[in-house]
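Going by the order they are written in, the chains are A, B and C; count residues from 1 in each one.
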Amino acid sequence: MLEVFGRRPYLVLLVMALLLAPVPFLQLNDYIVHVLTLFLIFAVFATGWNITLGLLGLKTLGHHAFFAIGAYASALVSHYFGVSPWITMWLGALIAAVAGIIIGFPILRIRSMPHVAIVTLAFAEIVRLVFANLKDITRGELGFWGIPPFNPIGIGDTAIRFGLGNAAGSFALAAVLFVGVHLILLLLLRGRCGLTFLAIRDAEAAAESLGVRLAAWKLFAFGISAAVVGLSGAVYAHYLMILTPTSVAGPEMLISLLAMIIVGGVGRFFGPIYGALLLTATSELLRDFGDYRMLLYGALIIVFVFIAPAGIAGLKPRLGRKPAEATKPVEAV
Amino acid sequence: MLQLERVNVHYGATRVLWDVSMEVGAGEIVAIMGPNGSGKSTVLKAAMGLKKPSSGVVRLDGEELQARSATVRPQRGMSIVLERRRLFPRMSVEENVMLGAYTRKTAEARETYRWVLDLLPEIKPHLNATAGKLSGGQQQMVAIARGLMANPRVLLMDEPFLGLSPAMVKTVCSIMQMINERGVAILFNEQNAKLSFAMSHRGYLLESGRVVLSGSGEDMLDHPEVRRVYLGMREEAA
Amino acid sequence: MSSTQFIELVLNGLITGSIYALVGSGIALVYGTTRVLNFAHGELMMLAGYGVLLFSVTLGWPVLLAALATILLVMLLGAIIQRVTIAPLMKREDWAFNVVAVTIGLSIFLQSAAQLIWGEQFQGVPYFFSGVAVIGDVRMPWQRIAILLVALAVMGLCALVLFRTRLGRIIRATAQDAEAALAVGIPSGLVHTAVFSISAALAGTGAILLSPLVTVSPWMGASYLLKGFAVVILGGLGSFGGAVAAGFLLGLIESFSVSFVSSEWSNVVAFVFLIAVIWVRPEGLFAGRGA
C-alpha cells in the first residue's frame, strides 16, 4: 500500500488542490489555462486506467474505448434530447461502466496477458469503428460538432460559463472533477477494496484461496475504472464541443495515455498525474512541431521502461531509503 | 572435479543460498539432502549455470564457470537431468535424446547414442513416440538418456525420484549406479534421507540454504541429527 | 449467390487471409518461442514497404532482387530490434509488460520517424505481374493471385525449416522448454534473435506482396497488426500452424461478411468474432502443432 499511495496521500492531494485553486483568478493567458484543463481531464483518465493496469495488474490496452463511450454517450444524449450535460455526464460514466463490466466478462477466465491486451485492444477498435460508421448519428470522422457546453452556474450576480472559450470556468470544473475523483478513489482504494485489488495483482491464486471472489472483484474494478474514464471523456466532450472517433478512440489516444501512465509510474496512485502533467505540457510546448509529438511519446515510453520502469513516482522514495535485504531463505524453485 | 565455493544465490531480494561449498570427486555419487525449500534445487541450478550466483565460485576441473552461460557446461563434461523430467513435450523421444548431444559432433553423438540405448534399453520401443505422452517413469529414462548424450563426466540430477512409483525408484537407483560404474560422477538431491545417503559415497545436509552437515554416506546415515530429524529415530534406538 | 460470386468471395478471402496468415504466423512464432508479444511487428512490414520502394522504384532493381534485398534488410532490422530493445528486458521479473510497453513505444516511434523522413504522401509500387487470370467467369489479376501463391510457398518454406532442419529443431526445443534447451547447450538468446528475423521475413513478404496493391505509407503495417494478433489468438497462442489456418479463416469471414453487411463493418465483424471466440474458447480454434 505504501508503495502505491506514498506516505501521506491525502496531504499530497490537498497540496495539489491548493495549487490548483488560485489558477482561475491569476488572469493567466487563456491558452495556458486551456492546457492545464486538458491536463486535469487526462490525469483523471490516466488514473482511471491505472486502476486495472497498475492496481489490479490486468494489462488492458483499450481504455480509450471507455473515454470515447463516455464522451459520445454524453454528447449524443445532450445534443439529441436536449438533456443538460450536468446530467448526461453521469449517464456517460454509467454507460462506460456497463461497457467495462461487459468487456470484463471474457477477461475473467483469462490469465494470459496477451489475451487480455488483445481483447481490450480489439474492443477499442470496435468502438472506434462503430462511432465512425454510424454516420447518421455521429457524422463519423467528419466530427460530431455542436456539442452543448455545461450550462452556466450563477453565483450571486456572476455567472460561471463553461466550454471552450471560457477558460476559467472550464478549468474550475476540471479541477473539481480532478480533486473529487481522486478523493473518492483514495477513500475507496485505501481500504479493503484497494487491498483486495493489490492482493489479486500480486498473488491471484493466494487471494482466491483466501476467499476473495475474484470474478466479482475484477468486474467491480473494471466498472469503477471504466466509469472514471468515461466521466473524464464526458467532461472532455462538453469542453471541446467536438468529437471525432479517431481523436478519442484512435491509436494516438492510446499511446498518449499509456505514455502518461508509464512515465508517471504504473501502479502508483499519483504517478499518472505527474505523467499527464509532464506530457501535456511538453506536447503543447512542441505544438509547432506537431509531427514530433508521437515520436517523443514513443521515445519517452522506451526510455522510461529502460531507465525508470517505476516512473516519476517511483524515483522519489528510492533516494532516501536503501532497499531492505530480505533474510528469509526460500527455495523458489 | 566439480567444486562450489561459498556460493550465494538470490531470487530478487530473497537470499536462498548462504555460502554453500560442496565438492564432487571423479567417479563419486554425492547426495544433497534437505527438507522442502532448503535450496537443494538451487544448488544444482547454480552449478549448471541456470541460476547465476550473486557471489562464489563454480569450478569444473579447475576452470571457473560461475560467470559463463549454461551452454558451455555440456561441452566441458557436465550435464543435468532437470526436476520433473522437463522433456520437450511435443518432440519425439529420439529428437529429445539427440538434442542432449547438441554441442557435440554428429559422429560422436551417434556413438554415444548407441551406448545410451544399450544402457537404457527400456526406451528403445518408444523412440518415435511423442515425449509428452509417455509415463513419468518412461520420461525419466528419456531425461537421463538426454543428459548422458553430452557424454558427461559429472551428471547433475534434480529430484530424480520425484513422482515415481516405488518400483520405478528402484530402477532409477540401479540405473544411477550403473552410470556411475561407467565412471560418471553424479550429484543429485532428494528429500528422503535413507534414499539419499544409502546409495551415495558422500552427502550434504542442507537446511535453510546452508550446508549444516557433510560426510560419507554411512556417516550421514548414522549421524544422530539425521537419525532424529530425518529418519524419525530416537537417540536410544541408535 | 451465384457460383461466380462464390468463387470470387472465396478467392478474395484466401488472398486477404494469406496476408493475415503471413503477419500472424510471424507473431505466433515469436510469441511461441520467446513469449514476447511484439507490437512493432507492423512496423517491420512498413519498413519492408519502404525497402521495396527504394530497391525497385528508386534504384530500379529487378523485382526479384529487390524483394530479396528487402527481406534480408528486414531480417537484419528484426534481429537488431530484438537484440537492442527486447533482449535486455527479458532478464527482468516483470518483463512481459515491459516488453509490451517498449514495443508499443517503438511502433509509434518508427511510424512517426517514417512520416518525418518520407513524408505523408502515399507511394505506390508498380505491379510485379501483369495480366488477368480467368477461372470460369471469374477474372482476377495475376498480381492478386500471386499473393496467395507466394504466401503459401513462403509459409511452406518456413514450416519446412521449423520441422525438418536443425535450426527448426532448436527453435522448437526453445519454444517447448527454454530452460531445458539451455541445459543441453542451446544458446536460447541467439535462437530468440533468429526467430525475430524469421518473423520479420514473413512480415516483409506480406508487405512486398501488398506494396503494388496498397500504397506504402507509415501506417501500412499498423492496420495489419491487430488482425495479426487476432489470428494468433484464434489459432491458439503461439501455434504456427494454427495462426496460418486462422489467417485464412479470418480472411474468408471478412470476405463473406461483405455480402451481408457493408464493407466498412467487416472489421467490426472480424473483431466481434475474435472476442466471441476468446469468450468461448480462449485456447483458440485449432489445437494444432505448436512451433
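The definition used in the following text is that contacts are C-beta pairs under 8 Å (C-beta built on N, C-alpha and C of every residue); 3 or more make two chains touch, one makes a residue touch a chain.
Owing to the predicted nature of the structure, the values given are computational and were not obtained by experimental measurement.
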{"item": "Remotest chain, chain C as reference, centres from CA atoms", "value": "B"}
{"item": "Two chains sharing the most C-beta contacts", "value": "A-C"}
{"item": "Centre-most chain [mean C-alpha coordinates]", "value": "C"}
{"item": "Centre distance in Å when chain A and chain B are each reduced to the mean of their C-alpha atoms", "value": "52"}
{"item": "Distance from chain C to chain B - Cα centre to Cα centre, in angstrom", "value": "43"}
{"item": "Gap in Å, rounded to a whole number, between the CA centres of chain C and chain A", "value": "32"}
{"item": "Contacts with 2+ other chains: residues of chain B", "value": "12"}
{"item": "Chain B partner contacts - residues on chain C that touch it in the complex", "value": "93, 169-170, 172-173, 176-177, 179-187, 289-290"}
{"item": "Residue numbers on chain C that touch chain A, as the complex places them", "value": "31, 37, 85, 88-89, 92, 94, 96-98, 100-102, 104-113, 115-116, 222, 226, 229-230, 232-233, 237, 264-265, 267-268, 271-272, 274-275, 278-279, 282"}
{"item": "List of chain A residues in touch with chain C within their complex", "value": "59, 61, 103, 105-106, 109-110, 112-115, 117-119, 121-123, 125-126, 129-130, 132-133, 251, 255, 258-259, 262, 266, 291-295, 297-302, 305-306, 309"}
{"item": "Contact set on chain B toward chain C in their complex", "value": "12, 48, 50, 69-75, 79-80, 82, 86-91, 95, 99-100, 102-103, 146, 149-150"}
